[in-house]
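In the two assemblies presented below, chain A is common to both, partnered first by chain B and then by chain C.
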Partner chain A sequence: MKNFSKILSKKWGGLTLWGSLIFLLSFYPLTGASGIQLFTATQIFLWVILASNWNLIGGMTGYLDFGHAVFFGIGAYTMGILVTNSSLAFAPKLSFWQALPWTGISAVIFALLIGWATLRLKGAYFSIAMLSTFAATREIVRILRPLTGGGSGLDLPPVLNRPGEYYFMLITMAIVVSLMWWIRRSELGMSLVAIREDEVGAEMRGIDTTFHKLFAFAVAAFFTGICGAFWAWQNTYIDPDVVFFQNRNIIMIMMCMLGGLGTVWGPVIGAVLLYLLQDLIWSNLVDYHLLVLGVLLILLIMFIPYGILGALGNYDTASIVRIFKTSNKTKAKIK
Partner chain B sequence: MPLLLGLFSVTAACSSKSSEISDKSTDTITIGAAVSDTGKYAREGKDTRQGYDLWQDWVNNEGGGIEVGDRNYKVEIIYYDDEGSPDTTARLVEKLITEDKVDFLLAPYSSGLTKSASAIAEKYDKIMASGGASSDSLFTRGFKNLFSVFTPAQYYTESILKALSTKGAKTIVVAYEDTEFPTNVAEGTEKWAEKYGMEVLAVETYPKDTADLSAITSKFKSLDPDVFIGGGHFNDALLFVRAAKEQNFNPRAMVLTVGASNPKFVEEMGEDSAYIFGPTQWESTMNYQGQYFGTSAEYAQKYQEKWGETPTYQAAGATAAALALHIAIDKADSLDTEAVRQAMKELDEETFFGPINFDETGKNIDKPMGTIQILDNQIQVVVPEEISLAQVNYPVPGWKEREDNDSVASNSN
Partner chain C sequence: MSQLPTKQTAPLLEARQVSKYFGGLAAVNQVDLDIYPGEIVGLVGPNGSGKTTLFDCLSCLQSIDKGKIIFKGKDITNTRPYQVSRMGLSRTFQKLRVYRQMTVWENMLISRQWRGENLFVIFKVTDRHTRRRARELLELLQLSRLQHEYAGNLSGGQQRLLEIGMALMPDPEIILLDEATSGVNPTLIETIKDRIKTLNREYNKTFLAIEHNINFISDLCDRVYVLNQGEKLAEGTPQEIQANDAVVEAYFGT
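Right after this comes the complex of A and B.
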């Protein structure tokens, strides 16, 4: 296992492994996998993307975003509105592919507007602000009935294509994780980690922290928005409660914590494991699954605060406790 | 070598298992259902499951199976827990179709989950019978495989408004929760009000999980309407009644779309629940009967014997949905999806649940919505007249009047 972790931390090791994995996965639908198998795999890919995106802002930059699923919702609703044209006079009804770029773009615009305000906050204050953004957006969507269908939501055209969905998520996942790999090695990634470790220090050394934070936030929002759009399409209907689902925030964070915060591969490993674990718990311990997840969260923080990769000796990881402490310290310094 | 042996035994086990299944499936109709066992619809999910189970037991034992051609089939329902989540529902329905290879599907409880489930059923062209969904938007998506025995949401208040208008009610106010089902009910209400010549004085919405509705009732009080129509869920019903009493808001009739027909409502509100109207899909006191389970009361008795509790309308709806599928298979004399779908569309049957007659979109268009009124702490069906035992009580006494009556009664004691 230690060797595995070493391979991942070699310069090209992780990416080569990743490329091979994607290559192998691309044959899966050809092996006669059933709709449900493809569907399950697609859900895992979706979570890998969501966790990787959260990791960019939460793990690498150290801004613990408790409301990241808001971008998922923005993406889902942009898709829903554009393809159903609920009562829009100004735009024609779009197809999935025509609507897709707009879902990412609307999430980015939303991220820039929100981030511009919330990214000035530190530590727990940022987390709370994002959680409130999440809840507030859900209620706003509920009120904007002419556009969003209010509490009744929107019905999307029920076009389901499991192999197509599989490849779409596989490719998006390949792009997102490779991008994370590149970011982590680039100057941008170094700057983000510097912000996490000591924001004032980073600022003093000439890093434009505002720009870097906003950039990371926007990238994370873009792909989360795409995921939301995809989910809306796949689920064929959306309403405020299924789209702005509180647990989605928590699961994303737990996946990163399980794998290893701030690393490229941690969220990937964490997402796959936690998804499978949840499935296992659900099928065997239905009545206790929330309890089991809660206990797991406590165990994680107590015994492997640096996640699986951290436990295997990868020193890039950060623990959620340390991130909180550092960012609160920074706040004290600014005062 | 041990590995090889192990592999061999696994393959052997698999092949013996699959042959066993195929032998069995020759005279078994398998039906799949993803129904909530946990999550927010756990309670209704349990009723739904018990309703389906009652039908299964009845067909296999008393009914002696279903005859198709010259073969006799038993039925087997495969259940999964959808956890009340649309993601899980979609996955499980797909699993039922692709892995368990079920012949037909029964729907989950709630319109939202049925939306997820029916999209998958449509994709694989499997018939899905529903006894737990009434939102109108389910039937505007152009699906040809979804059939629901419930009266659609927009008809919820039709029968009571008609009855009240003949008794002289002229004005109404409406308040509803801003989610799918109550919205459908409210939209229908405005339509029926117009049809029966009543004036809608005000329409208010409120968000889900509201803890206080007194702002709405105090506004309505100043309008002094004949009829108040309100609701979303059980808790809202309690809140409305409490707020109305506190503020001495006295509509001549109070109709709560969900909650009033639930026996827990009377338990919770006691005397304050008196005279409240509530639409209901089904009550065991309704005067329906059919070939299969006998009368509504006989059905209720069977249910009581099996489960030790009285059936809710969710449970009865579930049984009726499965029964509709059963009758359609019987009529089609085939298990072929196309043939059974055709039979479903042509179905026109009196049952313990009321008439079942699906239109092109899969809605049950013949079943009227019943309405109950709480009289002497009893849930009494008052509308429609053909199937009811009690009379509509309108206009109902105001809160002050009831207190005075009580004090007169206690003084005279």
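Right after this comes the complex of A and C.
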């Protein structure tokens, strides 16, 4: 394991390893894997993307977003409205590929509007604001019956193509994680970590913190929206409660914490492990699975606050407790 | 060195009747300040006299309640700190603000000169020029051997040196030093002093320094401002200040 984390910290090591993994994974459907196996793999890829995106704003920038699934919901509903055959006030009946770009774009627009207001808050205040955004959006979607189908939900055209779904998510995941790897090495990533470490200092040293935060937020929202859209398409039915599912927020955060907050590979490792673990707990302890997850979360914060990568000696990771504690008395002037 | 600069040149940084209130407390009260290009100016005063608040106001980190701040002929009263920094004003902090979970090297690189952002910021990595400058500055501050260490693991004095390095990275015109020598060992203080002198003489950099180290003040500064309870108590050469009765009573003690 020590060697493994050494490879990851090499200059091109991580990306090479990642590329080989994607290459190997691309042969999986050819080995005669069943539909349900491909479905599970697709779900894991989906969670890797969600966790990586959350990590960009939560881990690297230090803004603990407790309502990030709102972008998932926006993406899912944009897809739903654009492709559904149900009669709505606005239903253009597009195909999947025609609708896909708009799901990301709508999530970005939503992120810019929301982020412009909420990213001025710090620490727990930001988390609460995003949580309320999440809950409020769910209720708004429920009320806007002519546009969204309201509480009775939307039916999407059923299309079953497990290998196609598998490859779509595999490619998206490859792109997203490589992008995160690049961002962490680029000046953008360094600026984001600088904002996490000391926002006032970053502002005073010439970093336009508002721009960087909004940019990171928008990038994270874009791919989360795409994920939501894909999920809606695969699920063929959406309603406010399954799309704006509260636990999705928490699981995203737990995955990043388990792997190592703020690192590139932490969310990937965390997402795979937690997804499998969750499945195991779910299938064996149906009644207690939330209890077990809660206990797991507490143990995680108590014993490995810096995640698996942190425990392995990678100091590039941040702890959720420390981010929460960072509060700057001198507030930078924000307009 | 002790002669005052000719008043014909326009000041680099001016404060006009600057006031800052925290509730009923006037932390800075109608302070006037002129810093001319190429000067080293000291700012002294007892604890709680508003020195750091004045620095925060000058660097636009805190909005001022009254008055005006002019930098390079432009009114910067309502500018955001990063814009002021890009105009060529950089500062250090009394309460250390290094990025603790980044390496020393990354800390230096990210304090580079910023010009502007666009949506392609995502593809940018640090250029060679910035790297060379960071390497030179780390060598100068004797931090080279620590460059791959996390900044949070450094000692207080080393972090202070790193902050000075970070303030110098963007090649600013004026540098505000907030107690740059507290917690630094005497030999290194001499090094810092030498470096400030060199920067001042050869590169014509301007400094405004909050200091409690009176040797530092009398060796380096052309002029000194004395603050007391948010108001300007006196102004003059270090020798004049040390002879001023009001200053002796408020600051030096008998």
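The rule is simple: the second predicted complex is superposed on the first by the 318 of 335 C-alpha atoms of A that agree within 3 Å, B and C clash if a C-alpha of one lies under 4 Å from a C-alpha of the other, contacts with A are read in each partner's own complex, and residues count from 1 in each chain.
Quick note on the criterion: a residue touches a chain if its C-beta (ideal position, glycine included) is under 8 Å from a C-beta of that chain, and two chains touch if they have at least 3 such contacts.
Quick caveat: nothing in here was measured; it's all calculated off a predicted structure.
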First, second, both or neither for A:43, with chain B first and chain C second: first
Contacts of A:205 with chain B and chain C, given as first, second, both or neither: second
Touching partner for A:95 - first (chain B), second (chain C), both, neither: neither
Chain B versus chain C as contact partner of A:20, first or second or both or neither: neither
Chain B or chain C, by number of chain A residues touched: C
First (chain B), second (chain C), both or neither touched by A:191: second
Contacts of A:237 with chain B and chain C, given as first, second, both or neither: first
Which superposed partner A:139 touches (first chain B, second chain C, both, neither): first
Chain B versus chain C as contact partner of A:35, first or second or both or neither: first
Contact residues of chain A, present in both the chain B and the chain C interface: none
Contacting residues of chain C [partner chain A, same complex]: 56, 59-63, 80-82, 85-86, 90-91, 93, 97-102, 106, 109-111, 113-114, 117, 119, 121-126, 150, 166-167, 169-170
Complex contacts: residues of chain A adjacent to chain C: 179, 182-183, 185-188, 190-191, 193-194, 196-198, 200-209, 211-212, 215, 219, 262, 315-316, 318, 330, 332-335
Touch list for chain A against partner chain B, complex: 34-36, 39-40, 43, 139, 142-143, 145, 150-153, 155, 158, 160, 234-237, 239, 241-242, 282, 286-287, 289
Footprint of chain A on chain B - complex, ascending: 37-38, 81, 83, 85-88, 90-91, 94-95, 97-99, 112, 115-116, 119-120, 122-124, 135, 137, 140-141, 143, 177-180, 182-184, 207-208
